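Dropping the structure in here first, questions after.
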Amino acid sequence: MIASKIRQILIGKRAGSVTLKYPFEPRPSEPGYRGRVTVDTDKCVGCGGCADVCPARCILITDVSPFIRIIRRYLDRCIHCGRCEEVCAYDALHLDGEYELATTDRKDLFIEQKLFMGTCNRCGRCYIPPTPLDRLMVVGFRKDEDLDGETI
Amino acid sequence: MKEGFIRKFHSKAFGRSLWVFHTNVGACNGCDIEVLDVLTPFFDVERFGIKLVGSPRHADVLLVTGPVTRPMVEPLKRLYEAVPSPKLVVAIGACAVGGCVWFDTYNVIGGVDKVIPVDIYIPGCPPKPEAIIYGVALALGLVPKKVGPAIESHEIPMEVEDILKELTPSRPVALPVNPDGKNDNGKQDGEGA
Amino acid sequence: MENGLFWLARTEGQIGTGLMVLILASVLVPLFYRRRYYMGPIAFILTLIGSAFLISSGVSVFLQGPTSTFHLHPLPGLTTPLTIGVDYLSAVFLIFVPAVVTLVCLYSLSYIENYKEQNPARLYPFLILLPVAAALIVIAADLILFLIGWELLALITYFFIVYRKEKEVVRAGAGYLLVSQAAIVCLIGATLILYRFSETKNLTFEAVGQTIEQMGLVHPGWLHTALFLFLIGFGINAGIFPFHFWLRKAYPSAPSAAAGALAAVGPKVAVYALLRLYADWLPVSFFSTIWGQILALFGGLSLFVGAFIALLQTDAAKLVSCYITVQLGYIVLAIGAGVTFLPISPPIALVALTAGLFHTVNNALYKSLLFLNTGALFARAGETDLAKVGGLMRVMPLTGLTALTAAVAIAGLPPVNGFASKWMIFSDCLMAGRTLPLFALLGAIALFISALTLASFLKFFGSAFLGPLMPATAEKKDLPLPMQVPQALLAVACVLIGLAPAAFVLPLYQAVSFLLHKGYAPSPYVVLGDSLTAIRLNFGDGIVATWNPIPFLAAGAVTFLVSFGLYRLLNPSRRVSPVWHCGATVSPTIAKYHTHGFYQPFKDFVGFRVNRSHARSHNPSAYASEEPPVRPITQQSQPDRLYPSVIRWISRLYRTIRRTRNGSPPMVWMLLTVSVIVAIALYSALS
Amino acid sequence: MVQQLTTDTILGRLSESIPVIASQSPTPHRLYIEVPKDRVKEACRILFEDLQGRYTITVGTDRRPVNGKFEVLHFFSFDRDNIRMAVRVFLDPDDLTLESITPVIPGAGWAEREIQDLVGIRVIGHPDPRPLALPDGFPEGLYPLRKDYPYNYQPPLDEGKTFPFKEPPPDATVVTVGPFFPVLEEPSQWRLFVDGEIVVGCDYRGFYNHRAIEKLGDSVLTYNQIVFLAERICGICGCVHSTSYCQAVEEAAGIEVPLRARVIRSLILELERVHSHLLWLGLACHIVGFDYGFMQSWRIREPVMWLAEYLTGSRKHFSINLVGGVRRDIVPDQFDRILSVADDVDRQTNELVKAIQDDTALIARLKGVGIFTPEEVRLSGAVGPTARGSGVAIDARRDHPYAAYDLLQFEVVTHDGCDTLARTLVRIGEIFESLKMIRQCVNLLKDIPVGDLLGEIPEEIPPLKDGMHAVEAPRGEVFHYVLTGYENRPYRWRVRAPSYQNIQSVPMMFKEGTYLADVPITLGSVDPCFSCTERMEVVDQGRSQSYTLEEKDLLRLSRSKYRALKATERK
Amino acid sequence: MLIGLGIVHIVLTLFAGPFLDGFTRKYIKANLAHSREGPLVGPWQTFVDLFKLLGKEDLFTAGGIISLQMLAPLVALSSALVASLMVPLSGIAPLGAQSDMIVFLYTIGLGAVAVVIGAMATGSPYAYAGSLREISLYLIVEPVLMLAMLGAMALSRSLHLEDQLRWHYAQGFSLPMLIGAVAVFVALQAQFGKLPFDIAEAEQEVISGPFIEISGPRLALLRWFFLSRQFVFAGLFCTVFLPWGLTAYPVVNLLITLVKIFVVYSLIGLIDAVMPRVRIDQALRVYFAVLIIALLGAVLAFVSA
């Protein structure tokens, strides 16, 4: 018993104090760590691909009118799985290595985007004119499904 | 004098010694293991005088993990009553903050703040031990807060504005786009963010 | 006889009037059996008057000195006259015995209501006669009157026990009668031997002293048999080790008030008899060392056995009766040490005898208080089983407080009187142990057993008064005043003696040293120190042990203020919140910690029970439904599990004896006649 | 002993005495037999006692939209012959009763209570038919498993009803090891009947963190979303659940997983086993008050967590699996870090174990505590180190090889001490085995070309196909059963965590003379993961039509993204 | 002079107890055994904890008796401080002349009883379980201390602690005293409530036993009681059983005793850092063996006296 106790103390002594000086010195996360969700609102076209594939269902898309689409991301429920980043065809979503997300108010973890959806004159699908100049010129309607639920 | 001086000195002492009571109200014990991980040699929160205690009577900080399942609502309320008054509640993990994947199923209430008032939210599934330490340091006032709400909206051309005016009836005609079949105009349960 | 008033001034007068009043009262009270309401107060007033006279006679003995012996008219057919003599030792008993009995009588005024089906007329007369019997024994100066007193005491105890007419109570009463008559037979046998060998055929105490002295030289064999018979007789009444088994069955079946009175009188008067026998009659010689060590051994064994049997009890009355044996064990140990060291070193001997006497007085106080508390349990919760009673302190706070004081006293914790006497016994035994190591061992056992007493009475107080309140007793109201006042008075007496022990020890030392009127007795101020509160034992080579309550309490008060200051430093807010059951809600009946579970690992360790076979592993819900019944745990752990072989033999013997009597009076009378015939045969053979 | 078994010898043995209505055997290792309602107990008795099969789980399904009947499946597995089978019974909705098999197979106690609670199938002859999964006061007649029950409806609970706990023996104290107990990581309520310090009985009310995972899994989420849901059933063994679910779906849909993905899956599973066992060793020492062991074993474990974060992007929920393969590749310049961490952990664990092994004080607390005989293992159906600690050598990696375990050489660590000490030694032995396997996986990855990580996913996963698969989690065998459905959603998904059987066997471990101080360590020795035990399952075709503007295109768009998945390391 | 010494004793017990506990917690438990940083405020961590507790809200349990819950910690702490006045730290004890060995033992017993009654007054089954374990252990550990002091009494012919100290210093080394010292050192581990024997307030088994229902300032006082009781026991052990190095000047004696106490604390802290908790029945068996050793020492003392 005494021998094993001495051996244990030696292990503890040899390891020395391994504590990291974390809050006082920054400690970067491993490369490839899926941390905070950042949205590049310019690239996002509001296609809803991320909403479709998010396991936590924390991305909600609402079409207030044929022109305006509101995307709400409740990131307090986000499980940081990175699926939305993979699926986003326009590379608008990125999970960077930032993990210091503690807040005192739940609303800080909420991202809301309000997109003006111009329409593509060829296929009628909605897209956002890339430059402000294009947006000025575009006028027109996007024929949504009529109200009895039959899709175009 | 007695009130002012000693009470001020006491609030400093309060900062240096936080006794923590960890409770799991339905979590998958991913966050619980990270909470325990915070005590181990690499992160060692005993530097701030943080110690895990067994009884709520001794606790200052309530570390709550997990979405409050329905059988756990009453015990959680009793626990909140059992902690002496200057107390902090820290919700750890996506489950405690918002209810994670199962925020609206039949046996889950959703976030902890629907049952007891919460002071610090630490999202993440599970949050890294460093994130938990950051949350506690935030409570201690050692570090600034890094996140904030983001509201983005594109500017809308003038002529579309006036078209919109007569087009949109009083209640916007909204069509649900999200896969879970939730009609957004009907209240998204618990989401009044 | 001088004229009335002057007669009252003298001790004999006071005793005479006291006894006369009490005897008249015991005859007068049953006449009121129709009107129950008036009987209680009348009985109490008359007892009060009678006891007042007896107490004043005791006090006047201390003031005017012991009375000379005077003779009453001899009984027909007996040559020796009935003589009465009151010296300091009997004065001590004359003071505290009537006082305790009066308080018990006040207590039983409203306690008797709990026994609806019995008429109090069957209790009060005997309660009034109790001090008479005790006084008779104490003031008797010759063996015949002495024996008459003992017989009266035995009968009174019997009638107390059979107060309730249930079946097992009557059997317990019959059992007690058999045991007490056996004790009386032994005493008669011893008296006959002394009568046979005394030249002057005179049984007064002086004559007995001389006969014992002569027999010591001429017939040592017969002397030892007489002393042994005396020891058995007084041992049975005292309830020490070999004769302790009847106690656990007799006292609990008596009503608690009566049991309280008995506990304060029965064993204590036996202590008086032992002191009279071994200190007064037995000359200070080699014999006293032998008999002293036998007594000390008996005391040590009864300490050990009593404490371990009490550890297993879950019933309050049984627990408190077991502790009569333990407390008597302490007293007999002290007397044994005293008697042993009489020839060797008088200071140690006298301190030991004083310690024994002091512990007798203290024990009478807190033992009767404990019985009164058990009575309070019975009054409010309907039963005295600790497992079914809980949280009563919220219902009756004063009784709870007095129970706490009694528990602290019997466990011997500093500020209260139990500690002073136990401290004297321990330091005396340990110091005596340096010459005779037997006493060091017995002192060590005594210290350990006092820790065990502390544990058992924490069980008593913790189970009955603390813990969750049982729903059955939740809405009961507090005890009536006549039950609370005696408990409060006894508790205050305990604390007062604890605070100023020296004031009480000096007169006792004087009483004991008077017994050795022949031998040399060092002055009390040398041995015990001169201050009124502190006791500084000095056995010749400097002050060896000190107990001074005043500085102890002063320091305690200062430190209490320091801790209270710390508590109020940041004037915390207060809140009351429910008990924390790990988040679940549990009903109080389930949340109560079962009394049988107290100190279970210690009991297992001491009982050498390694594999507990009776607890079956719980089979999961999935198994088939035939679940073997788990025998209730209390049945298996009989006391005889502790030292199986010896006890099994004794209990088998006891069962055979019990079968001989089935509680019917003819059987009892037949036994009495047989014992008388045996006595006469013995006398004729010897003469 | 029983001779070599194959699917048809079992079918033959059964059809001798029972009229088998129908039977399918999609692969030589799978068998589904349908039996009439009144012969179910007989069939299960033959399988359990005569053929020495191991009872796995019972599944109740509401198949009214499909064929208007309810269905109950009893699953058995024959580990020695790598066969898993199910006894299927169809019950018509108006007479929903079934004869209980618990008297024959004690391990089925909870599963049958769960069916009774949630599907509404009344089980006759069950020794302890108390409610199990639902909160106290859940209204009668409402069964969340039924089709008509929406997944987010929370019925009002009436406060009066509380859980019907057992009556304690006459003079025993009841100590509630309640929902919040410092030792249990998760909420569960044990009521111990204690005489002083000796435990004379216990009662369990669990299912506090019952999060209706499976009800969610079927009505709302698609196949690929459920992978991440499955992973969050348990915080410590997440990857095990997602792998087992993916393999069940792949078996049902017939998807073939490329070799590289299978080797990566095995490597990550073994990595998870190392960190889980080191975690358990620390927790066990903490329960016994040996904080030194807790601190040191978690110090050794930390590099494993950083390695996992480096390889998969998260410390715990690795999210590495998808139906058909893995999302991230392990590229050659990550190999040396894996090998260096493996060597460090191996050396330090060896050192620590050698120091702890002959520590008489610690051994005294573990030896002879929580006795669990092999016979009781068979009766309660316990799995994992709890079974291997009592000499029963069952291991899904060797008996039912999956992922890349057929290519790896490892030996199953068993110990016949039957007590907590034996279970501790088994777990420590498994740490060293896992480290060996990780090194073998890295060697395998060296010579497999960097290539496609996802198998070919059919356009439409065929509906109503059965798929069952098991993975050896650190705590035992995790079993997933999937019945594929329409609209890219499973029709029925049932999860059986190892702790489901192990926790049922804990009351058996409280033998005579168990001390109150032994209860936490006995419970800890089973390494319970209550959150695994208490997921919930439902299938709901769900008429809540979800309509996206161009759902088909989106799917096609994101699927092309799958293929264009960047195999290289993230920036 | 005695009053001044008394104040020194009380202040010393109140402040040395938590300081030494903080020291062992940081430098021995955290840095040495657990190879981690330990509290930044170093040995003052226990002070900070106690001071913070003093400011917190005080929760009484509804099911129990409020008055006893209130009194218990106060009586406990005052009994420990009174006991500290009886220990001759500097060769002379303030209450030395007024009390002796038996009074010291029973004052410590009074503290333990106060804690137990305070715990039982709350009515929680865990408080009962914890305090009963403490009493069971007390029943076995107290005789060990008593027998060792019996040996000391036999040799020095007096029950006063000061006389025993002076006699040992004069006589120097003696075998029964050595045996007694060894037995008491092992008993110290249980009286300190340090790990192998901290069964009474085991957090994992009975959720910190008697402490479970006590919060805020009363918890601070109770924690202070256990800390000062530890200091008193260490003081007793270092003075009566290791009496070497006494000089004429009381101040120097005090410093020497403090150094000895510091060494005893670190030894016990080391054992505490690397030992698992022992079950109650195993603890009883261990201490029965220690009891036999102490008995042997006492018998030897009586024979040789």
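So that you can tell them apart, the chains are marked A, B, C, D and E in the order they are listed, and the count of residues begins at 1 in each.
Rule of thumb we're sticking to: a contact is a pair of C-beta atoms (placed from the backbone, for glycine too) under 8 Å apart; a residue touches a chain by one contact, two chains touch by 3 or more.
All values derive from a computational prediction rather than experimental measurement.
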Subject >> Chains contacting each of chain D and chain E, listed by label >> reply: A, B, C
Original post:
Going by C-alpha centres, which chain is most central here?
Top reply: E
Subject >> Most widely separated chain from chain A, with each centre as the mean of CA atoms >> reply: C
**OP:** Measure off the straight-line distance from the CA centroid of chain B to the CA centroid of chain E, and report it in whole Å.
**Re:** 43
Original post:
For chain A and chain E, what's the span in angstrom between their mean Cα positions?
Top reply: 58
Original post:
Distance from the CA centroid of chain B to that of chain C, rounded to the nearest Å?
Top reply: 66
**OP:** Starting from the mean Cα coordinates of chain C and chain E, work out the distance between those two points in Å.
**Re:** 36
Original post:
Do you know which chain B residues sit against two or more other chains?
Top reply: 7, 10, 40-42, 44, 47, 53-57, 75, 79, 82, 84-85, 100-101, 125, 128, 175-180
Original post:
Taking each residue of chain A in turn, which ones touch at least two of the other chains?
Top reply: 5, 8, 12, 15, 17-19, 29, 48, 52, 55-57, 79-80, 144-145
Subject >> Multi-chain contact sites of chain C, meaning residues that touch two or more partners >> reply: 569-570, 573, 575, 577-578, 580-585, 591-593, 597-599, 601
Subject >> In contact (per the touch rule at the top): chain pairs >> reply: A-B, A-D, A-E, B-C, B-D, B-E, C-D, C-E, D-E
**OP:** Show which residues of chain A lie in contact with chain E when the two form their complex.
**Re:** 5, 8-9, 12-13, 15-19
Original post:
Any idea which chain C residues touch chain D in the complex?
Top reply: 387, 581-586, 590-594, 596-601, 603, 611-613, 615-625, 630, 632-634
Subject >> Complex interface listing, chain D residues touching chain E >> reply: 173-176, 181-183, 194, 196-197, 285-293, 295-296, 299, 359, 361-362, 364-365, 515-520
Subject >> Interface residues, chain E side, partner chain A - complex >> reply: 31-38, 270, 274-275
**OP:** Quick one: which bits of chain D touch chain B in the complex? Just the residue numbers, please.
**Re:** 134-136, 144, 149, 151-155, 157, 178-180, 182, 185-187, 207-213, 215-216, 220, 222, 228-229, 232-236, 238, 279, 282-283, 294-295, 298-299, 302, 305, 315-317, 529-531, 536, 542, 544-549
